[in-house]
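Chains here go by letter, A, B, C and D, matching the order in which they are written, and residues are numbered from 1 within each.
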Amino acid sequence: MERHKNLKICYIGGGSRNWAWLFIKDLAFEKEISGTIYLYDIDAEAAKANETIGNKVMETHNPGQFKFKTELSLEKALTDSDFVIISILPGKLDKMAVDVHTPEKYGIWQPVGDSTGIGGLNRALRTIPMFRDIAQAIQKYSPKAWVINYTNPMSICTQTLYEVFPGIKAFGCCHEVFNIQKILMNIIIRKGLVKAEDIKREDIIVNVVGINHFTFFDRASWRGIDLFPLWDEFVKEYSESGFPNPLENDPDKGSFTSRERIKMDLYKRFGLIGAAGDRHLVEFCPPSWYLKDPETARSWNFDLTTVDYRIKKQEKLKKMSAAYCDGSETLVPKPSDEEGINQIKALLGLGNLVTNVNVPNKGQMPGLPLGAVVETNALFSRDSVQPVMNDCMPNTLTTLTVQHALNQDGIIKAALAGDMEATFRVFLNDPQGYTLSPAQARELFDEMTKKTL
Amino acid sequence: MERHKNLKICYIGGGSRNWAWLFIKDLAFEKEISGTIYLYDIDAEAAKANETIGNKVMETHNPGQFKFKTELSLEKALTDSDFVIISILPGKLDKMAVDVHTPEKYGIWQPVGDSTGIGGLNRALRTIPMFRDIAQAIQKYSPKAWVINYTNPMSICTQTLYEVFPGIKAFGCCHEVFNIQKILMNIIIRKGLVKAEDIKREDIIVNVVGINHFTFFDRASWRGIDLFPLWDEFVKEYSESGFPNPLENDPDKGSFTSRERIKMDLYKRFGLIGAAGDRHLVEFCPPSWYLKDPETARSWNFDLTTVDYRIKKQEKLKKMSAAYCDGSETLVPKPSDEEGINQIKALLGLGNLVTNVNVPNKGQMPGLPLGAVVETNALFSRDSVQPVMNDCMPNTLTTLTVQHALNQDGIIKAALAGDMEATFRVFLNDPQGYTLSPAQARELFDEMTKKTL
Amino acid sequence: MERHKNLKICYIGGGSRNWAWLFIKDLAFEKEISGTIYLYDIDAEAAKANETIGNKVMETHNPGQFKFKTELSLEKALTDSDFVIISILPGKLDKMAVDVHTPEKYGIWQPVGDSTGIGGLNRALRTIPMFRDIAQAIQKYSPKAWVINYTNPMSICTQTLYEVFPGIKAFGCCHEVFNIQKILMNIIIRKGLVKAEDIKREDIIVNVVGINHFTFFDRASWRGIDLFPLWDEFVKEYSESGFPNPLENDPDKGSFTSRERIKMDLYKRFGLIGAAGDRHLVEFCPPSWYLKDPETARSWNFDLTTVDYRIKKQEKLKKMSAAYCDGSETLVPKPSDEEGINQIKALLGLGNLVTNVNVPNKGQMPGLPLGAVVETNALFSRDSVQPVMNDCMPNTLTTLTVQHALNQDGIIKAALAGDMEATFRVFLNDPQGYTLSPAQARELFDEMTKKTL
Amino acid sequence: MERHKNLKICYIGGGSRNWAWLFIKDLAFEKEISGTIYLYDIDAEAAKANETIGNKVMETHNPGQFKFKTELSLEKALTDSDFVIISILPGKLDKMAVDVHTPEKYGIWQPVGDSTGIGGLNRALRTIPMFRDIAQAIQKYSPKAWVINYTNPMSICTQTLYEVFPGIKAFGCCHEVFNIQKILMNIIIRKGLVKAEDIKREDIIVNVVGINHFTFFDRASWRGIDLFPLWDEFVKEYSESGFPNPLENDPDKGSFTSRERIKMDLYKRFGLIGAAGDRHLVEFCPPSWYLKDPETARSWNFDLTTVDYRIKKQEKLKKMSAAYCDGSETLVPKPSDEEGINQIKALLGLGNLVTNVNVPNKGQMPGLPLGAVVETNALFSRDSVQPVMNDCMPNTLTTLTVQHALNQDGIIKAALAGDMEATFRVFLNDPQGYTLSPAQARELFDEMTKKTL
């Protein structure tokens, strides 16, 4: 009965300098649950560093509640786990450079390149085998554990887990939705309906539909007030100029921001509120809309983030890690906006939670293929994640979404079967792939796969 | 924006002396919402009495928040309503006497006779046209209102609303589930895990599956503890003797109690925890199990409630109503366990709520026919009820449930089409009907319909 | 390209003295296809006998077209087969005696006991492991072969093949439907609409719905004439007296006949024409209808066939087999009514064929569970069996059919998992099982499984 | 019983000079059925002319079997019909000129413009109200009649009939498939496998999947021989040069021919054999593939048929009609390849038939939306059309097909609701619409609808 005081959590990709640090910071405030986090990573040094950082934070902020421990055997890290967290980078950033920049030679431009499109599909090709191995290990060593995936391409990674081990209890988490809740929160504050200190992100009640990074709200409210009319006003005011983001000149984060004009334009097309960053949303649309060329992208006020930019950011984080370890700097915990710990607690039966989640479509998302991983709200309770039933999205939006859902399904099956011909057919079938002749597509496909597989 | 301070609620069956009084008592404690309750009833006097009773309570306990007003035009009562509550008695109790007691001549015994079986189907025959009329009136006068049905046969009434007006926003509510939560609560207290004052019904987290009055929990927990092992122990201890109900000798309520032995026996058959009273559950089972004859019923420790018993109770309530009106007695408000007001508030956007509800199956209850009204948990939020997705029930339980779901569908379609032959076929197809030869069934059917239609 | 001139057909249960002889007789008239039949049987002697009999017939009637060859290695018999025929007796007849007669002690009476009910479920328990082994061998040695099953319980055997090897190309065949076509043919002749010599069974166009042995026609016509009005007249005339069967006094076949009164009574209940023998149909109905006791059965003019009767018949056939082998008697070929060879030819692309078939429900039988083996018409063409889409059966009929389909699914899953508790629950859930208390059911279940597993 | 000797067939669009003449010619050879064809047309003169032509042919070739009669009241033409044929031209050819040529100003090129794409959607907008009226009239005057539609856009017209009158017994017919059967037939002949006189189109057994004009064969065989390897060889030989069509220089038909290179290219992409003319197939693909500009079209060896070309052809036919009427020329009957009469006979119960047909998806085409009109094989028998169940098409092909199926559904619902905004959104969502900015799309949409609605 005291299981939640002695949890075993296996963290695959435990050397992460991103989500892992948020997790550490959140755990520092946690009172109800405790246990040990087993950090598994192919980069042993990074895992070791996080062990040091995590234990330092725990010692000072939450004495004795959680321990961090590097474990380089996946078998040992998994065995008898209650939870498994997966947050890995599939291949180094030089491979991501191929995903993002090689297609540029053929007029294909991508602001992110990790979820869909030519870049996302190529990333999927090297990620799927990793997730196949993880799924098999989980089936063998911890088949009852709840598995939380944070890795992109989110839908493909999560669906791969289910394809390989259908009995798995897994779901994918993404915080993009939170950012759009914050935009709606700001609209409310700007309208003078509430003071900033009297409203929190979670007060914005939203219903999420779609697939990861191409998600939408079909309902949004705050204290009983429908937020669609307010959004409509906002769109009328800002769809041309865009709504400036305070971080847009920040050297570390600026390239990840946008002025939300894509969201506003898609609202005009589909009638729903886009619930992911503009840079993600555009990658699911026909490239003629927003990604014809770098000028078009610029004209819509979002960045084509370069992998160089990411590499520099990564180096900075490496230095911070070293500083945290040697004590020259201190990781100061503060509660993040992440819901990971709340999800874990809900699954332990410590309080129901409704939040958005990525799981296979069992009917919760009508109009999308059954089995495809979709993103909707779900009720988390003891040992259970139950998606809520939704209405169909508008036909026009379903069209694009089905295409990506079928391509995701296709790439998973082709990659698991090792069928490069079938893989190539999926490339051809992406909206970005549509712009290439089969011969060009073949050339690009061969170059990319040669460099990254 | 202040709609929830000025609600219009139409109460069809507003002369009710049962659920209406609970509603009045609950409203006495309500601070967030206010407005007017329009009491519509074919028994004008009863509605008038409730107007008096309701306003008296409001004056003293919740000044000015809600007003009660008799309205004898259904059109006026409905027009511009935010909510419509339906809680009617379909026909007088002498008709119910036919439902319950006429079949006894053919060896068919029914402890309730209002939901299923020969009695429930006969009751449905006179109820369906009433609900057809109500649905048409709602479509005409308040198509956007949320409609809450409390009338039995629950599934049939609610499905009729949707058959007649597919765009209706309706759901059916039933509090049977709460009683089983209380049993589980008592088991926890008896185990010494918590003191009675530190636990509430709502703390028992359950997942509800099935159809109304033949509902089951497939998961139940409290503070993260799985309650199935505790229930299992309880069954081992009490399945033979039964678990005495403190009210079993109460003259007004005793006949409605049981010793939960049916629940325990069905647990052995299906592995799930029955989530309705034993007297309801048995009516969905083959009569050879628990309803062969009155002795069998007695041996399983539940009552075959007579309609005479109900008539006496009704007369008592009439007297109380008069006393409340003339001031010789006072209706003292105290918060009930009902969730009606919480549902209304959640639909107004004043806080999400997860509770069990009866709505058409859009896929939330796999294995049962689509469109059939099923009972499951649902997420209530602003202007929205979203059922959560469930696993299939065990095949063995699905079998019986499908039979009743198909019969309910059949009786609705036959009654709406005025097709008595098709109606008769449904009678033949009930587990109770199975025990009759077609000739006997015809005789019984003719007698019952002649007396009640 | 000349594959159909050099077919390899593997016959599992090749020692059969029933369907195998029909097959031999039909092959004697076949001109388009040729090859070798590999007779596999655990009864080597019986296989050998059929090798002799088959080759004798071929020598005289169809020189050189087909050869028969005993092959006692399943691997060798299967490897590179084009077709696999399965027609086995699961266990000797003394085990069947347990299936049929042991339940009689508890008031459960069965005219056949091989498809459903307590007897059919018990037979399934020993058959499922045999079919699991066959499916695995087919997956290994002849995964591309078309597999035709003639073994009962038909639905369970066929579904087991798919559960174990989802990629199998299998279907189940049953000729019960043909007999009902002949009854309709006779009605037409009796009406004077055609002379007997101008009409053939196949001229009666029927649409088949349901599950094996509980099949129905929802449409039937001849030369554009709807046969339902004629059937309706026939029922009016004969439902009380029954329609005498010319074979009812035949010592070898009489016990298998009936006077079609069940078919006529079910027509009154459901509106469709039963498309299996009365003795099969009754076993799917609540026992209170036609199987309360032997007198009830007699009163409905069908026999409770004893296993002794079957044993005697079997002995006669054994003698005939010996006589055919030693030449003291001759198997004289004449074309049967069976469609096996036509199906094989259609699958080879030698002419399309529409006929009834048992395959998993992919949607062809709405209202029945997906994946359950159902019986409907299908289009046979080169390497393909495509069921045709059907309308729902009436709700009332669907009820009973769903129950059996779910029980069949349940018994397969329980048996494959070796879960005797789950198996027992399915026993309890059969309409015959409904008549037993759990304690009685347990006793009967234990006795039967002990004697036959 | 002699209904098929005295049929009433209502021909809506009875002045047609295309399919009507084929029908007349075929009827000249028909012996089993007879009756009267009621010619209804808004062009009374054209109907009158066909009455004359039809009766002339009947007098000489099939004396007395069928009569043709102009009937200008739709009510009278429909009442008590056994069959209704719909073959209309929705609006004059000058409206079709807008469909086809106005989008050219925006770089959108269409070889046909009657099924999908900007032109097909615009044509749908004026056709849907006509089919709404027809469906309502059928519901009122001949609800039991079988309705055969030949009008384009086929899927949209047929689905509209079902949307308006769900109980209709309607299907859509298209002969495109026959042409591809003939290509396969020629491949067989060229291979020397058979002499031309020993093979007929119907001998080519095919399985049809998809939606009208974007149909594919996923199986094709002749006398048991798989035709895919032969097609594969053919593609290797001719995919670059194309396979010249003997009619490509015919002044009346040349513009409707192609060299099948699209079919071959799509085979490389999807693995299936395109079963419609190249000019139709390209309109369902992203325009970057084959329709970037007229040069691209030319380079793929198909024509962008002008509406001028159609107008000239129409004038020629008008002259022929006059000549047939005044006897200066004679319509010489010869059996066509059409299956209309065979379908009618099969529906009368005079012989089963399997052929391709357009009806709403009830599950026969997995992966495509339920309710969307799809094209597959179906079994025609007495008063019944039952589609056969199919496998999913490859994901990559499903993607494009779902998009068109959803757009067809969207345009029907928008047009029936008179919602021009929703209509515009469907325009935006067509692959051709994707190439336009919303502003351009609006301009084009406004111009086209203004000119044609």
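One rule holds in what follows: contacts are C-beta pairs under 8 Å (C-beta built on N, C-alpha and C of every residue); 3 or more make two chains touch, one makes a residue touch a chain.
Keep in mind the model is a prediction, meaning the values are calculated, not measured.
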item: Set of chains adjacent to chain A and to chain D; value: none
item: Longest centre-to-centre distance from chain A, chain (CA-based); value: C
item: Distance between the centres, which are taken as Cα means, of chain D and chain B, whole angstrom; value: 54
item: Distance from chain C to chain B - Cα centre to Cα centre, in angstrom; value: 46
item: Inter-chain centre distance, chain A versus chain C - centres from mean C-alpha coordinates, in Å; value: 54
item: Centre distance in Å when chain A and chain B are each reduced to the mean of their C-alpha atoms; value: 43
item: Residue numbers of chain B (touch at least two other chains); value: none
item: Residues of chain C that touch chain D when the two form their complex; value: 1, 3-4, 205, 207, 219, 221-226, 348-350, 352, 354, 362-364, 366, 377-379, 381-384, 386-390
item: Parts of chain C lying in touch with chain B, wherever the complex brings them together; value: 265, 268-270, 286, 288-289, 367, 369, 394-396, 398-399, 402-403, 406-407, 409-410, 425-426, 428-429, 434-435, 438
